[in-house]
Each structure stands twice: as structure tokens, then as C-alpha cells.
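Every chain is named by a letter (A, B and C) in the order it is written, and numbering of its residues begins at 1.
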Amino acid sequence: MNKASRSLALLASGATVALGLAVAPVTSASASSIRYGGVLKYVSSWTTIPDNFNPLNPAGTGGTAGGTGSLLYEPLIYENVYTGKATDLLATGYKWSNGNKTLTLTTRTGVKWSDGQPFSAADVAFTFNYVKKYPALDVNGFWKSALASVTATGPNTVVFQFRSPQTSLFPQIVGQEIVPQHVWSKVSNPVTFANPHPVGTGPFLLESYSNTQVSYVKNPHYWMPGRPYLAGVTMQAVKSNATAQLLVMNGAASFTYDAITDPGRSFVAHNKAFNHYWWPVTNLNLLYLNNGAAPFNDAFFRKALAMTINVNAVAVRAYFGAIPAASGALRASVTPGQVHDWVPTSVSSLGWQYNPSGAVKLLESHGYKLSGGSLQAPDGKPLPTFNILVGAGWSDFISMAQTIGQELLPLGIHTTVEQEPYSTYASSANYGRYSMMISWGNNANVTPYYMYYYLFHPNNSAPIGKFASTNWERYTSPAVTSALNAYARTTNLAIQKSAMATIEKEVLQNVPVIPLTGRPNFLDYSTRSFVGWPGPSNPYNSGDPGDGFGGGGEMTYLNVHLK
Amino acid sequence: MRYLARRLGLLLLTGWAALTVNFVLPRLMPGDPIQVMFARFQGRLNPAAANALKIAFGLKTNQSIFAQYFTYLGHTLTGRLGFSLTYFPEKVTTLIGQALPWTLGLVGFATVVAFIVGTAMGALAAWHRGSALDSIMVPTGVMLSAMPVFWIGLLVLYVFAFKLGWFPVGGGATGGQGLASVSGFGAIISHAALPAITLTAVSLGGYIILMRNTTITVLNDDFVKFARAKGLPDRVVASRYAARNAILPNFTSFALALGFVVAGAIFIEYVFDYPGIAYLLYQAVTSLDYPLMQGIFLVIVLGVLIANFLADLLYVLLDPRIRVEARS
Amino acid sequence: MPPLLEVRDLYIGYGWDERNVTTIVRGVNLTVAPGEVVGLAGESGCGKTTLAFAAAGLLEPPGRALAGQVLFEGTNLLELPPEQLRALHLARISMVFQASMNVLNPVTRIREQFKDAMKAHGVGSADEASARAKEMFARVKLPERFLDAYPHQLSGGMRQRAVIALALCLEPKLVFLDEPTTALDVVVQRSIIQMLNDLRHDLGFGVVFITHDLSLLVEIADRIAIMYAGAIVEEAPAQLLYQGPEHPYTAALMSAFPPVGGKRKRLEGLAGQPPDLRRLPPGCAFAPRCTRFIQGTCDTVAPPEVRTTEGRRVSCHLYAETVPSRPLPEAGPEALGSRGNGARVAGQPIGLSPGEGATN
């Protein structure tokens, strides 16, 4: 890792979103040691790269053209989901005022659209109002929540007015990719508009597109001094992950995004000098327990299950050690990058520990009885066999479910693994038709708030048999709800931290879900030709080459350079 | 004419049935496209997007099932197959339009070549029954048609692409080259060579054996003996008498094979990373892209139906005995 | 006058493999004079069709001539190059097959089948071919419009007339009629036989008429040869044969097929099965079924061919010099009286009968 490539990440550190202390990006890079040029090749398994360069595309599978939109369009601030750190892009600062009902953003000066027109705050206001005009574009639900108006009050100032304080919307607002008013005001149907001649502020320009390959060249007028290092970026679509992995291993491409099975052995070991993977955990895999039905409606019962499941064994069986178990502070349903800032040590030791015999005692203290290898409820009836719901053919979840099933046996609980296809699986979760289910946290973001909000907030809940968007386990509690609401209204970090600590305590005591393992992004890369990749020592992004959900693909393309 | 009208009626009826099944099946699945989208993104899609997506996909959940059905029929008949979920905002028709030429080109070509070559070889084997040619061709044909297509595909891929490096490993053409350019065309041919050879090889056997056996039967028919007794040259007896009659059952299986071009292509396109419609179907199935699946199924079903209809029509031309039936 | 066809000591085997050949025609001698009608009779499987194909130069694998000659107008057809042989077919030697659905190519029009035949024999112009086809259709009393029909559109009788027209269109010198009426009903059969007789008078071709219906042969043949197990066991002028069959097999055959219109008579039938050609009994092949079997002779010694009277020959120990000739009791004089009379169906017009109408 050399000095120049580190500078961006260093400068990007040090402030959390809610504090509003976003820092300036790279100012000067001593480029003497950096080799400019080279075309970075990204391979991914897409049948067809969608012919779509519309960054507002509502179904954006990672945005545009196979997730390469971040080379063309930029958000206001890049927020790293892994570290929680921010990097200013089209915004240079912001301020909350008026009881947190007004957000004032300062936009960057000297930025030009790739057609030569100057970028201004008006483009930002236009983008948000455009999304208001076309509700199909409002994938973050800005205008359905508290946002009231967005106005450019000066060439570099844009003001967001809220009906009520909703600071929790901040990551989504600053993550919105901005489009030029002078182009988009003429677009008649932006929902299906493919934007074949994209005009953006990003570090690259579209060079050529075919449905198997899309190429970009360096934007010579990019605003960030000295960047990008690369002369171009090419994304090639191959038909399978195995092919993509092969191309990276033989040097034909430099990186791919894929959950390689046992990456240490099947990827790195082929060439330890070049082949690396970085899988930063940005979400969790959870064992959802259906809190709406007996016996999972009893907190002590859920806790006993948690005490019986060895998550380390689960993680190893499912991911061969490449992905960590959700142990320690992660039991509170937070990601590793959030632990330091958001989980007080007084809290992280609460709750349960792995203790199968303790679990039996706990259940017995509530009238359960272990008899002949089966657990009997206080009324004397043995418990039925429970299904553990997983998606059909998802081998990692299936391994987890099998491991859990074995670990629950000493507790006298019998399970079977039930595989359901995607749509049935999703529907079972939404309508609460399951006992136990392995799934992911929804919309995890820079702070624990987001995963909590979707897991526990009544806004996302419904009784069993009714559609609950994300509160699949059906756990809500007044304490958690008020803590979530308190967080969402304030910009005071201390209040936010204490709100999160409240929830952490609640979930560690009540065990609404059982975190099993981390859920990472899957960056697999080769240092044969290019260096400057993100990694544990320099986590300038979360390893996602795409442009959606704080993936920050743009950061990779700004930092990677020739060896 | 009544025959034609009957066939056409049958075509329309089965077409309608297929359309209806295509409408009903996805609706029997639990969940709607939005839920599917969320499941597909595995927690990476903001749940707030549900509303936006409903509007974008034009889902009118408050419409009655009959209204939906007639809207669907109307849209399908006017070629509006909706948007792909995976590749939104690409239209299903656009995606199929991109993929279909690859499949038709590759599999269509291979099927036609297999039919022509296989039929000719089968006729030849029958004509020279008992010769060395016959005793090589028939076991080879049996062996080829008995081997699983993906297995041959992998074998061919390994030998000619990996080991010998004569052909590219996969794909339709090297990225970035259009169909029109000359170098692009060369790339297309070199990419199509291995899958085409594989496909031809596996379907060849069936035609050889069928043609050989029917030709042998036909050669014992009186009209072939009488043709010889008329002093016709061998060439005429072989072509206008023996082959012309023996080809009829072969033609039927050829017409059926044409209809199943897409279905038959799945393994080939998968093994060779070929950007055709079968691969698109595979992708649609794995990513739960129901509109795309529906569109592709529609193309397959219509393909089968139309191929059968055309086969019926052509059969009328080939076999006067049917023609009489057709007139009555 | 030299014979039109002379088959000399012909042996024909059957088999793809040299080492595994079954001999199915054994030492046949047969002569056909110009314009003569020679009948060839015998049970199914006796080799008469194979003999006819070989004699017509149409033998093809797995059939093969093992020995002997087939002289057509003095030329050995068995040694003729294929191209010259092909030129003889239809033009000089023709063949009419047993009436079946399939004698004509089912997928082309009859006119086409005339044209390609004539084209193969140098009648290049389509008009000339058409004119000839038309003329032949008139001769076989078929309406001209059926020239443009497909075979399946014709009834069995009509189809057979078309086949005959086709077979005779180049006025061949020798015509093999291989059970030409067998599959047809009796009425149609008669009219076709009548027509063939007329055509023969007009065109003057020699005929080898193959059938298992001996009574039919007696009516139309000049001479009759009886085949059994691949060999000719008796040959005689038709009248003589009919009056007094010499070979016990001939006698048995005659009792199996009473003349049409003759007195009702109990049919003796033929006991037993023809022998397996791969395992012929020693001595006489007919011995196991023979009612006049001579122990120790017929089952050990092959019967010699004996010329009993002028123009007659029989292969039977009964007529060998060492064996006294005995009168044959089987054919009674009453059978003689019916000969030739009841053969034709009175008042039956030749041409379209209800049974011969087009199927559509």
C-alpha cells in the first residue's frame, strides 16, 4: 500500500455521518510513485449487461449497466457501510438546523458535467424534485417519508426541508446519485429511459457498450486532482462465476465479485502472491424465530436456543472460515465495523453465552422437561418437529440449518431443513408462515439503526398471516420502538448512541433473532497487474464494485492503479 | 382446405391454451414480482423501494383476475411482453430479440445440418447395406445419439478449446464486436463452431439410424423393385423412389426437433457460455425473472406449435396421400 | 427360331455372407420362345419369384447366381454390365408385379412414373412420353385423366392396369408376370387376364407367368413348369399337363386348385409343409410329402430327369427306367371337360366395374 492511494482513505476517516463532520476528499496526491494508465478489467457473471445507463433506474440491480454506473454518476457523499466513514464527493459540507427539520448542503464548486456544463446545487435540487415527480424513481421513499421540499438557494447551496425531524434519512439522501438538469429535464419517461449517452460528473466516460462488455475511459476533466489513475475500466460479462474466477486467476481480468466456496483453497492457494479476497462484513445472517407463535413467543425459549447453537461451528461449516461467526458483540445484530462506535463494552457482555447445558436448565426452570431425547412443554406434550426454512439450493444456508439442527438435538428439539424457492421463501417470511428461518438483515447501513429499524419497527410489521415487509420475526417492543424513533429525530450522537445501546440490551436479553454469521461483500482480486485494493488495513470502501447501497465502486476505481 | 382450416384451428386453440397456461402458472406461485425482487437482492434493496417498483412495473394488483387476463392477452398479442425484472428497464421482447438470433443461428443451423447430413448418411448406409461404410456409420450414430449432450460438449470443449486451443472457450463472440463487422463475423463463427459441432454430432445419430432403417424398409418395397425393373438408373431409384419415400418419417422428427430447438439448446448454451435464448431462460429461472420466463416460454411454445403447423403443411406437399385427406 | 430366353442349369443362393448361403434355385433349365407363354407354378417359397427375378436380370443382393446362365436372345444376362442390363429392362424385358398398394411410387403422379421410365430409355421429350402413356392407358382401358392421379387414388384393379401399361409401354419382347392378379378379386382378375391376353396378341411378347394357381395357368399358358423346392419337377405343354400330370406334386397341386366352374369336388389339399431349403432331405425333396413314396429310393437317391414324351420332362423316380410307369389316378376325365369353358365370367365387361372405381 503506498502513500498516495492511502491518502484518500485517511482523509475519508474520522467522522460519522450523524455528526456532520464529513471531510474533504483527496486534495493533493504525490503521484511520483503511482503509475498512471492501464485498463482495469472487471469480470462478472451476467448473461447480458443491461443496456441501461440510467442511474435513477428503480430496479437498478446495483444501478446501471451491470453495476458500473458509479464510474459515471456520483452521489453527494460516499458513506462506507463497512466502516461508517464518509467521503465527500459532490457535497463539501452540511448542517442540520431548525430542530433538525432543515438540512443545508454545500455543493462542490468547479465540478463540470462530462458535456462541459457546470455542475451546481440546482442539479441536486432538480434530481430530488425529479424523483418526486416520478414516484417510480423514489426507491428510498424520500417523498413518502418526511421530506417536504428541496430547493437550491444558491449556486452551491441546497436546502432540504422536512415535515418532522428525520435525520435517519441522511445516508439515503447523500447517497442519491445526481443527474444533470439540462439533460434530464428533457427526458419524457425516466423510468424506462436507458440513457444511452450518459452525462455525469464521475471519473470515467462511457466508451463502448455491448451486451457482453462495457468499456469506460478516463474522464480528463474529472474534478478530483490527480484521479483517476486508470486509463480505463472494462467490465466483461461471463456466463458463470467459475469462468470469472478463472479469468482473474489467469490474469485476463483483475477482479470479480463472487462468493467463492472455500476461497482460501480454491482461489488464493493457486497463486498466493497475486490472488486475494476481501470480504468485509456489512450485514448478518440471522436465524429468525417466529416470535408470534409458541414456543418462540417466550424469550427464555429463544434464549435457550441461542445458548445451544455454536455459531462458530455454523460459520465454519457454511463458509470454511472465510466469514466470521456472529459472536461477541455481533450477537446484538450489529456488524463488526459498528462495534467500536456503537456497542458499549458494558452492553456487549450481556445476554447469553454458548452453554448447552445451561440452556437445558433454563428450560427446565420454566417447566420444560427433557425426556427420551425430546423436549416436553410444560403441559406435558412433546414439542413438534420444527422446520428451518431456507431458500432452495442455497448451500450456505442449508449447511447452517443442518448444523443448527444437530446442535439443537441435545436440547430435545427436532428440526428438518425446509427448502423453498425464492418467491415462496419470501412470501413465507412476509406472512410469518415459518417456525425458524435463516435469512439476512434488511438494508443494513452505516449505523446499527438501519438493520434494527427494518427488523423491529412497527412500521415494517404485521400480525402473522398479514404482510410484514421486514419484521419477519414479529418482534416489537415499546422500548425498542421509542429508541428507534429517538435516533431518527436527532443529530446528537450521544442520544443516538444511547438509543442504540437501549436496543442492543433489549435484543441481547430477549433474543428476537439469533445472529449466526457475518454477511459480507465478496471482492476477489489479483495483484498481478494492479494494486491499491481496499482491505483491512485500508478499508476505503466496503468491497462492493457496484454503485448501490454504499458499495462505493467508484472508490475502487479511484484508488486502484498499475503496479 | 378443410384440412388446412382444421390445422389452423388446432394451432389457434393450442396457442390460446398455451397463453392461458402461461398466464395462470406464475399466478399460482406465492408472492408477487416485488417480493421476488426483494428476495433476489437478499437484503440489499431498500424496502422503501417497493412502492416505486410497483409503479415502475405497472403492477395493478387491484385489477380483477379476468381484467388482468384480458389485459395480458391483449398485450401478448400486440407483442408487449413487459419488462424484465433482472434487466429492467430492458423489455422482454428486446432481450429475447437479442438472444433468439444466436440460438436460431446455432441450433437451427446444427439441426438443419444434422438433418441433411444424417439423412444422407442414413440413406447411403442403407443403399450400401452390409458394407464397411454401413458397419461404421451405424454404431457411430447409435453411440453419438446415446451420449448426453453436455458430456460431449465438455469433452469437445476440453480437447479443442483447452488442450488444442483451436477454438475459444465460450461465449458468442469476443465482446464489443458487432454482428455486422467482418472480424465480428469471424469471431461468431469460431465461437459457434464447437457448440454447433457438438449439437450436430448428437442429433446426427438419430437421423442416420432412422433414415437407414426406413430406407431399408422402403428398398424392399415393391415400388423400388419395380423402379429397377423399369431400368431406371440407380441414382433415380435411390433419390426419387427410395429416399423420397424414406424421408417422410425423418422429416417428421426433423420438424419436431425444430420446435424443440430452444429446449434442446439449454445444455449446449450452458456448457459453451453461449448467449442464446436457452441461456437467457436459465438466467431467468435462476433469478426468478417471471416476465422474462413467461416471454421465453411463449416463444418456445409458439415455436413448437408453428413448427408443427409448418411440418403439417410441408407434409401435405411431400406426401400426396395426406393431400387427398386434406382435400376431403 | 432361337429361344427368346434360355435359362441353363441355374443355381441361385441367398445370403449376405459368402459362407452362409442358402441355395434356393437348384439347377433350373427353362426356355421361352418368342411370343410363347410359359407358366411357372408352385407353392409360395418354392423359388419361382427368385427364378423370375434372376431370369429377368433383376437379381440383387442378398440373392446371387451361383452357377448357370440366363441367355436372353443369346446374351448372358448374368454377365452383362449393369448399364447394358439396365437398358434392356422395360425396353426388352419387363416385369409386372403382384398387385399391391405399393407397386407404384406413392408420392409421384403416374404420368411422372411413365416419364422417368421412358426418359431412362432415351425417350427424351415429355410430349412423346405423354403420348405413349396416353396410348398405353387406352390399351389397358384406363381413362386418361388417371395419368395425373396418384397411385392411392386408384382402385387395386386400376392400379394393376396402370402397372401393366407402364410395364408394356416400350413394347418389350419378354414379360414376367409375377402373380399379376393374385391380390385382386375374381371378377377383376378375369378382366385383367383377358386384357393381358389381348395385349399379347397385339404386341406379341413372350411371357413367363408365375402363379400358384395352376388352373389359371392351364387357361393361358402354352407350356407349364412346376417348381418345388427350387427345382423344376415337371414341365409339359399346358394341355398335356392338365390332362395327365406326371409328378405326384403336380397332381397334388391340381387337386388343390379346381378349375373355375368345374364340378364341385372334394379338395385333396397338400399335406405337410414345403421343405426347409437349408436342410433339404436326401433324395427327392418332395419325398416326405409324397403319397407315392418309394422307400429306399425316394429318400436316398435324387430323382433323375426323365423325358416321358415329346416336350415333357419330369423329375421323379416313378418315371425312371428302373421304376415301372403307372397310371395316375388323381386327375379324372371329368375335370378335362370343364377346361376352358367356365374360365371366363360371362357377360362381364372389361373396364370399370363398381369394384374398380376410383376410391375418391
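Methods note: a residue touches a chain if its C-beta (ideal position, glycine included) is under 8 Å from a C-beta of that chain, and two chains touch if they have at least 3 such contacts.
Since the model is a prediction, treat every value here as computed from it, not as a measurement.
S.K.: If you connect every pair of chains that touch, what shape comes out? Choose line, ring, star, complete or other.
M.R.: line
S.K.: Which chain's centre, taken as the mean of its Cα atoms, is farthest from the centre of subunit A?
M.R.: For subunit A, the chain whose C-alpha mean is farthest off is C.
S.K.: Looking only at C-beta pairs that count as contacts, which pair of chains has more of them, A-B or B-C?
M.R.: Between A-B and B-C, the larger count of C-beta pairs in contact belongs to A-B.
S.K.: So, what's the distance in Å between the C-alpha centres of subunit C and subunit A?
M.R.: 94
S.K.: Taking each chain's centre as the mean of its CA atoms, how far is subunit A from subunit B in angstrom?
M.R.: Measuring from centre to centre gives 42 Å for this pair.
S.K.: How far is the middle of subunit B from the middle of subunit C, if each middle is the mean of its Cα atoms, in Å?
M.R.: The mean C-alpha positions of subunit B and subunit C differ by 53 Å.
S.K.: Considering only the defined contacts, which subunit A positions touch subunit B in the complex?
M.R.: Interface residues on subunit A, with respect to subunit B: 47-48, 50-52, 54, 57-61, 135-141, 144-145, 172, 191-194, 208, 210-213, 215, 236-240, 243, 283, 391, 421-428, 430, 439-444, 454, 460, 469-470, 519, 548-549.
S.K.: Sort out for me which residues of subunit C touch subunit B in the complex.
M.R.: Per the stated touch rule, the residues are 16, 56, 58, 60-61, 86-91, 94-95, 97-98, 100, 102-109, 116-117, 120-121, 150, 152-153, 163, 166-167, 360.
S.K.: Can you name the residues of subunit B that touch subunit A in the complex?
M.R.: Residues 29-31, 35-53, 55-57, 83, 85-90, 94-95, 98-99, 169-173, 175-178, 270, 273, 275, 279-280, 283, 288.
S.K.: Can you list the residues on subunit B that touch subunit C in the complex?
M.R.: 130, 221-223, 225-233, 236, 240-241, 244-245, 318-321, 323-324, 328
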